[in-house]
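There are two complexes below, and they share subunit A, which is joined by subunit B in the first and by subunit C in the second.
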Partner chain A sequence: MRTAPPLWALLPALLVLAGLSGGGLALALGRVGWADWAAVLPDGRVWAALGFSLWIALASSLLAAVLGLALAMLLRQSFRGRRVVGGMVAASLTLPHAVVAVGMLFLLSQSGWLSRLAFALGLTDAPADFPALTHDGWGLGIILHYAWKEAPFVALVLLAALRGRIVEQEQAARSLGAGAWGAFRHVTLPALAPALLGASVITFGFALGAYEVPLILGTHDPQALPVLAWQAFADADLTRQPQAVAMALLLTGAAAALLLPLLFWLARGTP
Partner chain B sequence: MRPLLIATALVGSLSLHAQAETADGAALIGQDWAKIAEMAKGGEVNFFHWGGSDTINRYIVENIGGRLQAEYGITLNSVPVADAAEVVALIAAEKQVGNVDAGTVDLIWINGENFKAMKAEGLAFCGYVETLPANALVDWTDASIAHDFGVPVEGCEVPWNRAQFAFAHDSATLAEPPQDIAALLDWIKANPGQFTYPAPPDFTGSVFVRHVFYHAAGGPAALMGPFDQAKYDAAAAKTWAILNEIEPFLWRQGKTYPTTVAQLNDLFANGEVALTFNYDAAQFGQAVDAGIYPDTVRSYGLADGTIGNTNYTLIPFNSPNKAAAMVAQDVLLSWEAQLAKADPAVWGAATVLSMDQAGAELAAQFQALPQHPSVVSPNELAELALPELQADWIAAIERGWIAEVGQK
Partner chain C sequence: MKRLVPLSGAAVSLLLILPLLPLIFRSIAHGWRFPDLWPQQFSLRAWAFAFSSGAGTGPALAETVIIALMVALISVVVALPPAQLIGQHNFRGKGLLLALIALPLLLPPFAALMGLHGLFARLHLTGTRTGVILAHLIPALPYAIFILAALFARLDRGYVAQARSLGASPWQAFVRVTLPMIRPGLMLAFALTFLVSWGQYALTLMIGGGRVETLPLLLFSTLSAGRNDLTGALGLIYILPGLIILALTVRK
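So, the complex of A and B:
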C-alpha cells in the first residue's frame, strides 16, 4: 500500500519550482512591453522559427519514440552482449548535447566520415555529391541528433515500465494463443502507452527549447526560435533585448498549450 | 564591477586632489614638448584597458610602464577591465556629480561605440593630438585612422593598433585568387560551389557583406558619418542584386549559408570551399601551426582594399594628469613601442604608423620582424585599408541582408 506523502514534504520542491520558474516568468513578463510584442508578433521570421522549432521537436520525438521502443524490446531479451549494449545505451545518456552535435557534424556533413566513405567507395566524386544532412533546410541533422540522443532515454523509461504485472499479462496472452505480434500489439503496447507518451512529452519539450544543437547543425534560414531569440538578445541594439524575451515567452506559451493537456490527461489516466 | 568603480569615483571626487596641476588641458595644447614632459614628471597615469590577455598586460606594464618610469619619472598604473563601456559609464557618472578636474581615469583604451558615446557626451579631451611628437608618423589622411567606426576622430584620441580583414587561399590548389571584389564576383560565377560567406548577423560574414556594399556604393567615402537612409537605399538595392545574382553559384547553390565563421573555416579546411577570410590574419598562421590548414595556405588583401579598424587611447576631459597621460600616449605611439608590439613574440599587433612617413630605414625594421608565411604582412595590408561604418549603418545592412538575401 502506498500512502500519499504529507503536503509539507512537497514544500521545498514546490518552493524551488515556484521560485525559479514562476519568478523567471514574472520577471520576463515584466520586461516585455506592448511595443516589444508589436515588433515581434508581426515578424514572419519569428513564426517561421516557431514552426521550425515545432517541426524539429515533433519529428525528433516521434523518431526517438520508435527507436526507443525498438531498443527497449531488444534489451528486454536475453542475448550475448546484452550487458554491453545496455551499457552503451546508458553511457550515451551522459554525453553533452553540444559534444554529440559536433560528432554528428564529423559523421554526417558533406565532408564528414560517411561522405568520405561514399567517396572511397566511388559513390560520389566531390563533397557536394553527398546529400546535405547537416545545415539543411529541413533540419535533418538536428532531428537525427535528437533521435539518437533521446532514443536511449525513451528506452530506459520503457524498460522500467516493462516489469511486474505486464509480464504476467503477456504470458497469459501467449498461453491463450496470441502470437508474438498479437501479444505486443494488444497487451504490451497499450500497457506501455502512458510511459511512451510521458517520455515523448519530455523529449518534445526538450527539443523545442533547444539552442546549441540548432546552432551547430542548423542553417541560416529557417532558424530555431531559441537561436533567433539569442541573436536578438545579443544585438548591439539594446532595445532588442525585450524582444528576445518576448520570443522566449512565445515559445513557452506554445509548449504549454501543446503539452499541458497531454500531461493532465496522463495524470488522470494513471491509477 | 561598475557600482564599485562608480563608488570609487564618488569618494575620489570628494577628497581634494593635490596633483591637479595638469587638469587644465587647454593650457597644454600646442605647448613645447619639453615643457610638457617637465610638467608630467612625477605624475601618475591610471590606464584603464581591456585586461583579458596576459601578453598585452605584460607589454603595458613592463615595456610601456618601465619606459615611462625610467625616461620620464611617470608611474603607470595598469587597471585591467572587462569592458571599456564600464569606464565610459564611470566617467559619465563623474561628470554628473560635477567632477571636472579630478577624475579617476587618465587614459583609456577605446574604439567604436564607446568612443562615439564619449565624444558625443563631451567626456573626451580633444585637440591636443598634434602636440605629440610621435604623431608625425601618423597618416591622418588615411580614412581608417581619421574615422573610428565612421565617427570622425577630430583630435580626441590617439591611434594605437589596427586590425584588418584578409582573405586566405590554398596556393597549392588555387594559385591565383581573385584580387578585388569585382574579380571575386566573376570568379564565384566561374567556379560554382567554391565560395560562401557566413550569414549576417555573424560578425565576420557581416564584414564581408560590407565589402560588397562598399563596392556597390562606389567606395566608402560617401557612407562616412551618421546613417543616411537615401544613400543606404541606393547602395543596398545594388548590393542585394549582386548578392542574389551570385547566390546560385555559392556553396550548396546558396540555399544554405554557414552561420558562423568557424563553420566557414571548417569548410575551407575540408576543401569544400576554396576561399576563407577573417578580421585577424594571424588566425590563418595559427590554423596552419595547429595542422588544421595545409602549410601552403596564404593570405592576402584586396586591390580595392579591405576593411580595417583602428583602436585608440583617449584622455578623459577630467583627468587630473593630462600632461603625464599625453607623455604615455606619445610613448605608446613611438616607433620603438610600435615595433616591439608588432613582434609576434611580444604581442603581434599591427602598427598604426605610416611606413611612407616612417622612411625606408624604419620601414625596413618593421619588414624584418619574424613573419608567418601564411599571414599577410600587416603593413602590406594596411596600405589599402577601408574604414568601418557607424553602428547604425552596420545594423541596417545586417537587417537588410536577412530580409533581402537570406530569406529569398
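So, the complex of A and C:
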C-alpha cells in the first residue's frame, strides 16, 4: 500500500525551501537596479574579492579531498586506537567553525604557538621571521582551517560509500593478481569518484560562502566576497545596500555556474 | 608498512587536537607572551569571569540552545512528509527535486538573506529570535529531509500495510507503526539539525542584527576586545554541547 503524504503536509517544507530560499533570491534580484550593477561591476575590489573567495574554495576543497581520501583509507584499516581516531574525526565535525578558527589563530599566527615552537628550536629570531599563515594575501590560514574542518567530512562520506559491492570488487581484483596500489587505482578510486565529487562540491560551496573564518583569519586586502558584501550591506550609507545585494548575487551566480552542472550530473542517476 | 598505519593514526589524532590545545592553555594562562612556549603563570580568572553574570555567558548559552532546539524540532516535523514522499515513491523529476532541495546547502546564503532582510524588517522579524530561527531553517531543513528520506527508503512497509489491512487509518498507521520504527533516525536528524543551527554565525548576525546574542556572537566580541583568555574559555564552553550530543547519538 503506497499512500503518498497529502499535499497540505508538504506545504510547510515548500514554504521554507521555495519561500525563504527562492523567495529571498527573487527579492534580492528585485532590489538591484541597473545603476547598482553599473556601480559594482567595474569595481576592481569586487572582482578581487570574488577571485579570492574562489581561490579559497578551490584550494580548500582540493586539499580536503586529498586528506579526506587518505583519512578514509586509514580508517578502513584495523589498528590499535582506530576507534579513538574515528571518534575524534566525528567529534571534529561537531565543532563550530568560529571556535576552530580562533584555535587556528592562536596556533598559526606569527605570535602563535607554532611560531613560538620555531623560536624555541632556534629556527626564527623574531615573530616576523615566521611565515605569515594568518592575515596573509593568499588566505593560507583560511585554507588550512577548511582543510582541517572538511577532510573528516569527506572521509565519513567516503567510508559510507565504501561498503558492499566495492569490497567484493577489490577482493576480486586482488585475487586476480592486482597489487594493493593497482586495486586502489583501478577499482577503489573509480568506485569512490561520485562520492568524492559530491563531497567536494559541498565543501567547495561551503568555503565559497565563508564569512566568519575570513573575518578571524583573513586580511583586509583582498577580502572574501561575503565579507565585502556584508560590510556594504551594513554601511550607514543606505545607497550601498542594493550594491551589496548585487555583490551577493554575483557570488551566487558564480557558485551556481560552477556547481549546478556538477550537481545535476550527480543527480542524473536517480530517476 | 604495518607499523605505518598506527603511526598515521597517532599523527591524525595529534593534528585533530592541535587547534584546540591553544584554546585550553589560553583559558588558564595568566598573561602568556611571545616567546614563551608554555604559560609561566596559571589562573582561573577567565573561567571565573565566564561563569559570572557580567560575562553574559548564561543568557547567550540559553539563547543558542533555545534557537537550536526550535530549529531542530521544526526541521524534523516539517521534513517528515517530503522525506516520506522521496524515500518511498518514485516519480518523474525526482532527481531534479533532490538537486533543488540540496541547493541551499551549496549556494552561499547571502543574496537570499539580503532579499529576506527587507521583508523581515517590514514584518518586524529582524532583531528577533523568530527571525533568526526562520533563517536557520534554510540550511537545516535540507539535511533533515535527506536523512529522513534515506530512513524511509530502508523501511519495511509490510508493517504499515498490515496495520492498514487491520483497519488502521493512514494517520493511525503513521503514528503507531511508522513513527516508532523511524525513531533512531529521527534522533539523528534532530541532533544534526541542532548542530547546524548551533554553529551558525553569519545568519544570526545578519537577521538578528546583533540583538539576538548567541554564543558565537559573544565569542566574536570577546575576541575583538582582545580578551584571549576569556575567548579560550568561551570557545571551550561553546564546543561542549556538540560533543555531548555526539556521545548521546553514538550510544543509541
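Observations on the model:
Note that in this section the second predicted complex is superposed on the first by the 253 of 271 C-alpha atoms of A that agree within 3 Å, B and C clash if a C-alpha of one lies under 4 Å from a C-alpha of the other, contacts with A are read in each partner's own complex, and residues count from 1 in each chain.
What we mean here is this: a contact is a pair of C-beta atoms (placed from the backbone, for glycine too) under 8 Å apart; a residue touches a chain by one contact, two chains touch by 3 or more.
This one's a predicted model, so the numbers in the text were calculated from it and none came from an experiment.
Looking at the shared chain after the overlay, A:Pro190 reaches neither subunit B nor subunit C.
Residue contacts after overlaying the shared chain place A:Pro127 against subunit B and subunit C alike. In the superposition on chain A, contact of A:Val102 is made with subunit C only, not with subunit B. Contacts of A:Trp230 after superposition: subunit C is touched, whereas subunit B is not reached. If you count the residues of subunit A touched by subunit B and by subunit C, you find the higher number for C.
Using the contact criterion defined above for the overlaid structures, shared-chain residue A:Arg45 touches subunit B, although it does not reach subunit C. When the shared chain is aligned, no partner comes close enough to touch A:Gly182: not subunit B, not subunit C. By the touch criterion defined above, A:Ser111 reaches both subunit B and subunit C. Residue overlap on subunit A between the subunit B contacts of one complex and the subunit C contacts of the other covers 111, 127, 215.
Within the complex formed with subunit A, the subunit C residues making contact are 5-6, 8-10, 12-13, 15-23, 26, 34-37, 78-82, 84-85, 88-92, 94-96, 98-119, 134-135, 137-138, 141-142, 145, 157, 160-161, 164-165, 170, 195, 198-199, 201-202, 206, 216, 219-220, 223, 228, 231-232, 235, 238-239, 242-243, 245-246, 250. Residues 45, 105, 109-111, 127-128, 132, 135-137, 215, 218-221, 223, 231, 235-237 of subunit A are the ones touching subunit B in the complex. Residue ranges of subunit A in contact with subunit C, taken from their complex: 1-6, 9-10, 12-13, 16-17, 20-31, 71, 74, 77, 79-82, 84-85, 87-92, 94-100, 102-104, 106-107, 111-113, 115-117, 119-120, 127, 148, 152, 201-202, 205-206, 208-209, 211-212, 215-216, 226, 229-230, 233, 241, 244-245, 248-249, 251-252, 255-256, 259, 263-264, 267-271.
Residue ranges on subunit B touching subunit A, taken from their complex, read 113, 193, 199, 201, 251-252, 255-259, 263, 266-267, 270-272, 391, 394-395, 402, 406-407.
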